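What follows is a pair of complexes built around subunit A, which joins subunit B in one and subunit C in the other.
Up next, the complex of A and B:
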């Protein structure tokens, strides 16, 4: 198990706000995925963001300032993510992204050791409603 | 579709799509990630890649869309994916899914999802939870 101070986990190290979100950027995103559903591509009262629109938001800082750099290799890979969805994003919404390190773990594969760092983005809107929780798994070769 | 129409073991009809370079560029621009690796072959090669690639988040978005075309807008509650291989544009991809669990009480259905190449290589795999009214 990678050695990390447990106090670093789950502590919010960055908060960044995005918005107000425009109908135009929501529609552009949905169209780029080939979406045709009216609620994703036609501006109007029913417009809502595509469910993965939220993954375009990320905090300004990648890691806490006191995160041990020795855990990270020179190059990271996006290994995957988990998205739990809440309230849909609507035009005019503001999205607040709170970043924390959720987990750090190691694996050994055919090509050697890897460290995985899971950075969690907890997203809320201007009403404090949960929009999404995204766990980003970053993989570093060690 | 209602929950009664869904059975564990059901496989969703496979959707095929041709992923063009222009589609990848449009996604990268709309996502604010118009980096060389997602927009031009030469820039991507300078980063050690075989050519421009599709962002992992785009694959995730395509799978999310597949699930919603089956279960309805707003049905997706959770989607988790692992990026297993590079997704290169200018190829036909298959969006696939199968029902693994159905919960009558909550109306929730668990689904395995994956994106594969024409050769059958699973480039992205994952699981999802969808709510069916």
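Up next, the complex of A and C:
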């Protein structure tokens, strides 16, 4: 595996802001999931975004510009996400997404070698409160 | 005494199973899977300070800690991991030299046993087709709960050809799979030293609780 400079890990390489988020966006998203709980679909003081609403947001760049291209093979797929939730998103909030490479590791399996790149989105609102951390796991054939 | 010698918790990158949930399943399914304990074998890592005494007391099950490493002969379970082994090998390296792992782990007080040997690419059998056999292998995982059809059946030939002993493990990554394959020991096992001793020279056999 190509060596990765440890300094690349956890360094924020992109910051993107979304919002203000409207009540209708939140309600529309929740309804599309079939959600019926009033706190997700009824406009009013208790309205909050459905917990999975945060997965709508992503940074503009996929990787840092100085990320070693040798690590990114010709074929990749989404190998899953870990989502840790913080404060709920409410109407009028903005969401700031800070992207960093959290981890790079290799493994072997039935079908051969794989490199996993974990890109972390750390999301905060306009008050600086933690909204969510999403670890996006991408798998590349080696 | 019956132990599941191969399973992964949420500490492994490809599992989301909390250790306590495994124990709850074993309690609930005691009639189907009469296990006395589990041995966690996280991928490519080992934590010397992991402490399960509280869970052991609450559930009445033995919980031991081992590792699954990746080598040029496929995946190998390492029991009896200690500081000397962690200093000798980078457990995160997916190209560890298998012969050194088997020999050095034994010299340093543990035992290294190939798992899912019938699995393509990461099983011992595939590598024996192109490379010389390893010296010092005591046993192989003859029953693996994650094996596809035919993978465990291929192992019987390996056992007969090389005189390996056989053990079993669920290779669970999901809580519901815990204990579907395991190993039955004649002797009582209370700690990792007991397990290493028995795997080296005791009497044991794979157990299969799949229906």
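Heads up, the rule we're going with is that the second predicted complex is superposed on the first by the 140 of 142 C-alpha atoms of A that agree within 3 Å, B and C clash if a C-alpha of one lies under 4 Å from a C-alpha of the other, contacts with A are read in each partner's own complex, and residues count from 1 in each chain.
Convention: contacts are C-beta pairs under 8 Å (C-beta built on N, C-alpha and C of every residue); 3 or more make two chains touch, one makes a residue touch a chain.
Because the structure is a prediction, the values reported are computed rather than measured.
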Partner chain in contact with A:113 - subunit B first, subunit C second, else both or neither: second
Subunit B versus subunit C as contact partner of A:102, first or second or both or neither: neither
Most subunit A residues touched (candidates subunit B, subunit C): B
Touching partner for A:56 - first (subunit B), second (subunit C), both, neither: first
Where subunit A meets both subunit C and subunit B, residue numbers: 137
Complex interface listing, subunit C residues touching subunit A: 13, 43-44, 70, 74-75, 92, 94, 119-122
Residue numbers on subunit B that touch subunit A, as the complex places them: 17, 23, 26-27, 29-33, 56-58, 60-62, 64-65, 68, 73-74, 76-83, 126
Partner subunit B, residues of subunit A touching it in the complex: 25, 28-29, 31-35, 37, 39-40, 48, 50-52, 55-56, 77-85, 88, 135, 137
Interface residues, subunit A side, partner subunit C - complex: 105-113, 116, 137
